[in-house]
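Both complexes below contain chain A, partnered by chain B and then by chain C.
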Partner chain A sequence: METVPGYTGIARALLERAGARVGDRIRIVQRDGRVFEGILMPRYALSAKPIIVIKLDNGYNIGVRVDEHTEITVVKTREAILREAAAGAPAVVPLLEEQPPLEKRPRVMIIGTGGTIASKIEYETGAVKPAMSARDLVEAVPEIGFIAEVSAEVLMNILSENMRPEYWERIVDAVAKSIAEGFEGIVVAHGTDTMAYTASALAFAFRGLPVPIAFVGAQRSSDRPSSDASFNLISAVLVAARAPFAEVTVVMHGETGDTYALAHRATKVRKMHTSRRDAFQSINARPLARVYPFERRIELVSEPLQRRGEQELRVMNGFERKVALVKYYPGMDSEIIDFLVDRGYRGIVLEGTGLGHVGEWLVDSIRRAVENEIVVVMTSQTLFGRVNMNVYATGRKLLAAGVVPGDDMLPETAFVKLSWVLAHSSSFEEAKRLMRENLAGEINPRHTVDLYPRWPH
Partner chain B sequence: MIEPKVDPSKYDPRELGLKAGLEIHQQLNTRAKLFCNCPTRLSSEDEPGDEFVRQLRPTRSELGEVDIAALFEWRKGRMYHYHAPRATSCLVEADEEPPHEINQEAVVIGLAVALALGATPVDEIHVMRKIVIDGSNTTGFQRTAIIALGGSIELESGKKIGIATIAVEEDASRKLREEGRYVHYMLDRLGIPLIEISTEPDIETPEEAYEAALAIGQLLRLTGRVKRGIGTIRQDLNVSIRGGVKTEIKGVQRLELIPKIVLYEAIRQKRLLEIRDELKRRGVRQEDIDAQEIADVTDVFKKTKSKIIARAVKRGGRVLALKLPGFHGLLGVEVQPGRRFGTELADYARFWGGVGGLFHTDELPGYGISAEEVEELYKLLNAKKGWDAIVIVADEEPKARKALEAVKERAKMALEGIPKETRAAQEDGTTKFMRPQPGSARMYPETDIPPLEVTKELLNKARKIVPEKPHEKLEKLVRKYGLSEQLARQIIRDIHLDLFEKLAEKYGSRVAPSYIASLFTNILRSLAREGVPVSNLSDTHIEEIVRAIAEGKVSKDAVPDLIKYLAENPSRSVEEAVRELGIETVPVEKVEKLVEEAVKQLEAEIRARGLAALNKVMGRVMPKLRGKVDGKLVASIAKRKIEELLGGN
Partner chain C sequence: METVPGYTGIARALLERAGARVGDRIRIVQRDGRVFEGILMPRYALSAKPIIVIKLDNGYNIGVRVDEHTEITVVKTREAILREAAAGAPAVVPLLEEQPPLEKRPRVMIIGTGGTIASKIEYETGAVKPAMSARDLVEAVPEIGFIAEVSAEVLMNILSENMRPEYWERIVDAVAKSIAEGFEGIVVAHGTDTMAYTASALAFAFRGLPVPIAFVGAQRSSDRPSSDASFNLISAVLVAARAPFAEVTVVMHGETGDTYALAHRATKVRKMHTSRRDAFQSINARPLARVYPFERRIELVSEPLQRRGEQELRVMNGFERKVALVKYYPGMDSEIIDFLVDRGYRGIVLEGTGLGHVGEWLVDSIRRAVENEIVVVMTSQTLFGRVNMNVYATGRKLLAAGVVPGDDMLPETAFVKLSWVLAHSSSFEEAKRLMRENLAGEINPRHTVDLYPRWPH
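And now, the complex of A and B:
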């Protein structure tokens, strides 16, 4: 194991010569006589500065610049420090004094895939570690024990941006197994950046769903008192345990305050803000429900597609990898489409302008793609509204070239859907037909006036 | 036996082995906040803004420790209602956006102060998160970073007080009010940079604590880059005595209160040690206290005349009692003027049990509780009169039980002496229990902010703004602005020093700097004494007044009236005020005309009495001109006109 992570050059040499490891108490003596003493911390900065970071007795970290005249000695080892700390530590106080009721509660499975929703801070280094045993979770968020009998499993620990379709497939399998085991609801803890993609993938893969699945994440890491992790997790467990609908949902903060969460339909939800708690919003649809975690209440907002227990579990797992999501921009080169065709791609989702357009110089390349039986689907980069390719000439040309209009589907949803459709249809024609069918609530045929937000002005 | 009353004049802090340290927090006057680009000014509640309600959850340390005070607030269902003015807060204050990099302007000012104190800057600045649980930080922690270590400040006596650390940190939100379980906070102040200077515990008398606070405050003002006004500087104290325990005292509002608080805390510790010794002398042991069971004594108070108890029982509560063996008489002992040992127990009952208070036998019979009821209590608890004390609490059963368990714990601590506490300063100089001292685990790295290397460039920038030493500044004020030494001494101590220098620089050629200085040291102060709300005046008001004088639009005579008007109507401009008050200066031609008229009317008398009639002329003219023109000018014109009249003959 790395003993002085992050250190390079002279700083590393000095630490190694002293036999110091992160967590040891060290003394640094400078040539000018200045002395610093504290616990050696790991270095996270990516630059190779000759600086050693120590934690002073008052808890503060400082960086000390070192050179060849600096002398470092180990005053006390990490093990000795931890032993002393453990000896003096008071008994662990539970967060809640009350114990969960003994009566039967719905069984809920929490599947961890990564992200910071349920993690522990290492105070010494500031590193965040996953904490996903059921005991850890109930200990950290005891409220969930009052709502459900909770089981938990860490399936993977993947940063949201590193998610891939093969992981979707593993998650589908794990969820299917838990449903088969009789869990009455499933919570999937997931990093927020690509949560909507994974949730959509499950929405298409489960053709019959008897119980709710709630994806949940955190925009503020759970090591801080203001984290949204607990609030969201309680809300998600509530949805999994008690929601009347059996759909794949994303359950996150409904507004910036801690008042209610929203359960969004997986195929209609999008992360619309880099950092806000209420980053997730339903686009071209209302959310499925408002969730009040403190009152333990769920208020339906939209009509569910299917209710709990109505259907039998049918899993159609598998996603085509050769699918691309391409955003059109002014002047885009047709070579980009040609490249995908030549590389054997089977599907392309275009994020076109406005009602569903791209520069007319791309039409020939797109026609060639379709002739090669590549399914080309048009969505809009405006996100709000429906594509309509009959209004302008370019749209009509694209239709003539064989482009499938994506209706009001979000580009990301259309991408996941096409990945799924291509893995489960027997012909090019069937794939095109399925793309226009509403399989998992991804298409909303009616847009009322209120479905568009009013921005501040 | 201990004398129950405490007489502060009988205690010599040096004999008690007093040691105190200071923590001074001062807002910096930077362009932007410490971790975002919001301005560093305050907003009013009626400015446009947004509101939201949040909770804060206690977090656990590696060792599973959880901050007890945080846990209690959370269990009570405490909610925080934030007011987010759009002009002075953004997503960073709302904890909806990660912090930006640390504001280097604030770091440079901090480093300049560090250099002035002879401290050693650190080589790399690491921002930490310090857990704060009262909701005043939307994140649940305060971001803070040490920028320098060591150094010292010299008192007028020549004694040096060591500096332990110098940090820059973000200020907290402003508490507006509490409504039930909701605490309302304003986000305007959150994130304003503070410098925190912590001294070593080198302070040995209450007066030294005051002098050190004064000296540090003056040094900070001499940078010219700190905020002034109510709430921009705050002091915390650490106090211990020989054999005592370092106690933290938060929220000292007024500088003048420091000596009293320090002395009172030293006395409290001494008294608690005396109580400990008395308990030992009586042979009271931990086991004796531990052995006591909490008893339900509701039946004793069936027909009580105590309104508090009757009301609690009527609401479904119970009366619980705890015997404190061998404590008779000690609960009535004052630890600070007006605060008895029983008050300390009550603080614990309130904090841990959430009850309103308690009764104890050292103050009974009383408060409607009869001698018979007390008698009955002693009998029921098998307690010895004149030896044991009994504490009772009337409230909902679980609350009352928790309260008495806390009292039991606190009573056990009395055998050891002084518990480690954070206490809150009160207006009368006493302190009350606020919370147990938090553990060291409440500090961890702010991983969202990269460390900042203290480079040569940064240090050079700091060197350029290192504040002058007070005596250097004094010389400069005398030399450059021609102030008398006395006036220079006054202005150097005035919080408006920076504004004075700015105005003297800008308008000094047209308005005497000594007049500008006296505006602060004399006029504003005497108006404040008269009850004029001068704190309403903005710097812009004051500058406009000086400019108006410089431009001859307002006479100095009119200034006090003008200030008074503006203080009472701070939304008005000086121009509007002048018009409203009718104190526009009168053109010289008009003065001459008025004087000529008067001279003509009084011609006979002037001819008879000569220049002695000047007063008569002035008496005619001045009522029409007072406040609108300098009296000296009128006098000189009148004199000239009289001489013309007399000479022309």
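And now, the complex of A and C:
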């Protein structure tokens, strides 16, 4: 067996000179005095860059860029570490999986679309790179090579606040192409700001999905070794390669530590914090699965809508642009609704109050919108819970005006769904009917009391 | 001592005929066969209605309407209950406070504005009354009479989705009048849908506040004895009468059980669920206090901004109407911003993505808005966390265009604040400066990690 599998060039030469073997604890001293210490990992060689991969004591792998001035020493051999561990010493013993034979690893495609995850993996330089190719991701996070036979493609480089329906359509096409080519799972690297919108766009566009799709991003623009990018990417590749479900998911940190990530159903997830690593949370639903990247383990939390291989790929791409999401506030002027009607909008998602209300002075404008065959859907700005427009007079007036109740759909999901529905229905009535149907898990018919988070007080 | 203090007319006659005394366990059998059993409570007589108040085993008091066909029997005397309890029996022994002398109870004004709380207290009939006067609230929840010398006024009867700045102004005036008259605490009964908006409007309008103001409502339109209306009302009266802080608060159920209510700072609270009793939760802040209504106890959780009696009442009433709250979504057309500019809006609160972003194609329209001296404020649709527009290029572009970062303000609070600020600043620059100042606890300069809720996974 090779002592330093995957290493070439100067990296290989340095390791051989030091007598280091994979599994040994080594110390790397750079010319500028920086010191890295950890377990030497095998390299999944996609490129010939002079990088040595070590596993730090915190469980993360990092890639250290080396040159002829780098000094490497073996601190402790693998045998000594295992001996001490057997005797009860608190040694770090990484699971050194043998690289599985190529033909056994599932084929996963990573599609890069932009965002923070593509700007922060260069541990060795400390620099925040503005745009990194998906191939660079593989380079920087070698562990994904053990999980899957990874291919990578940079589809676009868009900050996610600049995402819009035309890009959703391009991503749908790219993912469909990869699935048709036989990839067994797809990872979409995406900025976090609007990741949930794009992910749910894919959930509606793929009416049949034979493999999992995992959206992934990074919350922090930082050069820290504990950046969430690699943790999330490993988790997403694991979901794409091995998850039993064939759904569109968002895979991001589950808590502030590095224990597990969560795979959220795309239509039920929302970015709930500006900066925390565990910003993404399922609303009105439990996540689909907990994902333990270091243990290579996926634990189902919810029943999947469909399992891997159950369905044939059916793509219904296309999103109507003339759809608006309108959040209600006290005193909101009805001229805002009138404006949308006059500008030819075809759909309006209202984010009303409570069980699904708006000020009564808007009812006439809303009725006029419906008479113009604009689909008007009601959701709630409370986010949690379910719209019920039969309880109070205002709700009943809005129902009478033709508003479609959005059940427990997130306002953002209802917006994406309406955009999709309007592009794929042949009549106003069909569009309204489809908005009430549960197409991609966007409606959870049964809420348990434990779905509500526990608040700090 | 009187055996049935506070009772008059038929109620008194029935009790005397049965030989019942306050503290006895009695059974009330109605003509229609319905049976109520509980501890006879003294009556705080604000009206002469034929109602007998008993404490149920679940801790709630209910008022039972009686007539000449009602039969009352004493199940167990107070002495027997106390004897058994002393011997260890699991008897319900309510704390029977003596009614304090009138001059010792703080004077509390309850101002009715409408909403569910005013439509559901009639336990004895099971009917959902559409509009109940504040005096009726006192009638139906006798316990508040032990806590405070309660006055009541029906100011308006508005479903809270129909609230708007002109009503905020009327409520400010009514509250100011009551404070000037010497009331030591104010309760505002309000529908829950937009309660947080109205409460924060008052927080900005009262620049000096010598007493606590407690907004209160009911989440469930139900005729169940365990309706949250009375629990919340007792808690709110307790806050108004006895809280050490002089702030505007929202007082609502803290959890699904009947253990405690929470007093939330008005500028940091949000309705987070369509129907749960604990729908109101503080975001980016801990609540101000936990309130245990049955134990008459208030436990401070956060440091108050100001304490009772520290400040002189200063009222700055008035809210600008031409302010919009605009939630961003992928692909949002810039014509929506242009429309608001053209319609003479003076302020726009954007609910952007992540750290405070919108699509770059909106920047020109936003710049034009600012050039027209429209104050544009950025908040985040994540709700949790803090806007930071220096991290990414889009944020910096928006700052350069003149957007005011909203820090960790809730979008709804920023909307109300901007409406207030524009009515009380003499220049565009002053308005922008005030938006960045912490006027009423709407900005929490320091977040601890435990402010984020614990999500179910």
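Everything below uses one rule, namely that the second predicted complex is superposed on the first by the 334 of 457 C-alpha atoms of A that agree within 3 Å, B and C clash if a C-alpha of one lies under 4 Å from a C-alpha of the other, contacts with A are read in each partner's own complex, and residues count from 1 in each chain.
Following the convention adopted for this analysis, a contact is a pair of C-beta atoms (placed from the backbone, for glycine too) under 8 Å apart; a residue touches a chain by one contact, two chains touch by 3 or more.
Nothing here was measured: the structure is a model prediction, and the numbers come from that model.
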*So, does A:275 touch the first partner chain B, the second partner chain C, both, or neither?*
both
_Residues of chain A touched, compared between chain B and chain C (which is higher)_ = C
_After the superposition on A, what does A:53 contact: first (chain B), second (chain C), both or neither?_
first
*Which holds for A:198: it touches chain B only (first), chain C only (second), both, or neither?*
second
*Quick one: classify A:388 as touching chain B (first), chain C (second), both or neither.*
second
*asked:* For A:256, using the defined touch cut-off, is the partner it touches chain B, chain C, both, or neither? Pick first, second, both or neither.
replied: both
*Counting only touches as set out at the top, which of chain B and chain C does A:230 meet: first, second, both, neither?*
first
*Which partner does A:450 reach: the first (chain B), the second (chain C), both, or neither?*
second
*Looking at chain A, which of its residues have contacts with both chain B and chain C?*
256, 274-276
*How about chain B: which of its residues touch chain A in the complex?*
52-66, 68, 70-71, 74-75, 79, 91, 94-98, 120, 122-126, 128-131, 133, 138-141, 144-146, 149, 165, 167, 440-445, 447, 450-451, 453
*Can you check the complex and tell me which residues of chain C touch chain A?*
159-165, 168, 192-194, 197-198, 221, 254, 256, 262, 270-276, 278-279, 281-282, 286-287, 290, 301, 321, 324-332, 335-336, 339, 343, 351-361, 380-388, 391-394, 411-412, 415, 449-457
*For the complex, which residues does chain A have touching chain B?*
34, 41, 44-45, 49, 51, 53, 56-65, 85-86, 89-90, 92-93, 95-97, 120-126, 140, 220, 223-227, 230-231, 255-259, 274-277
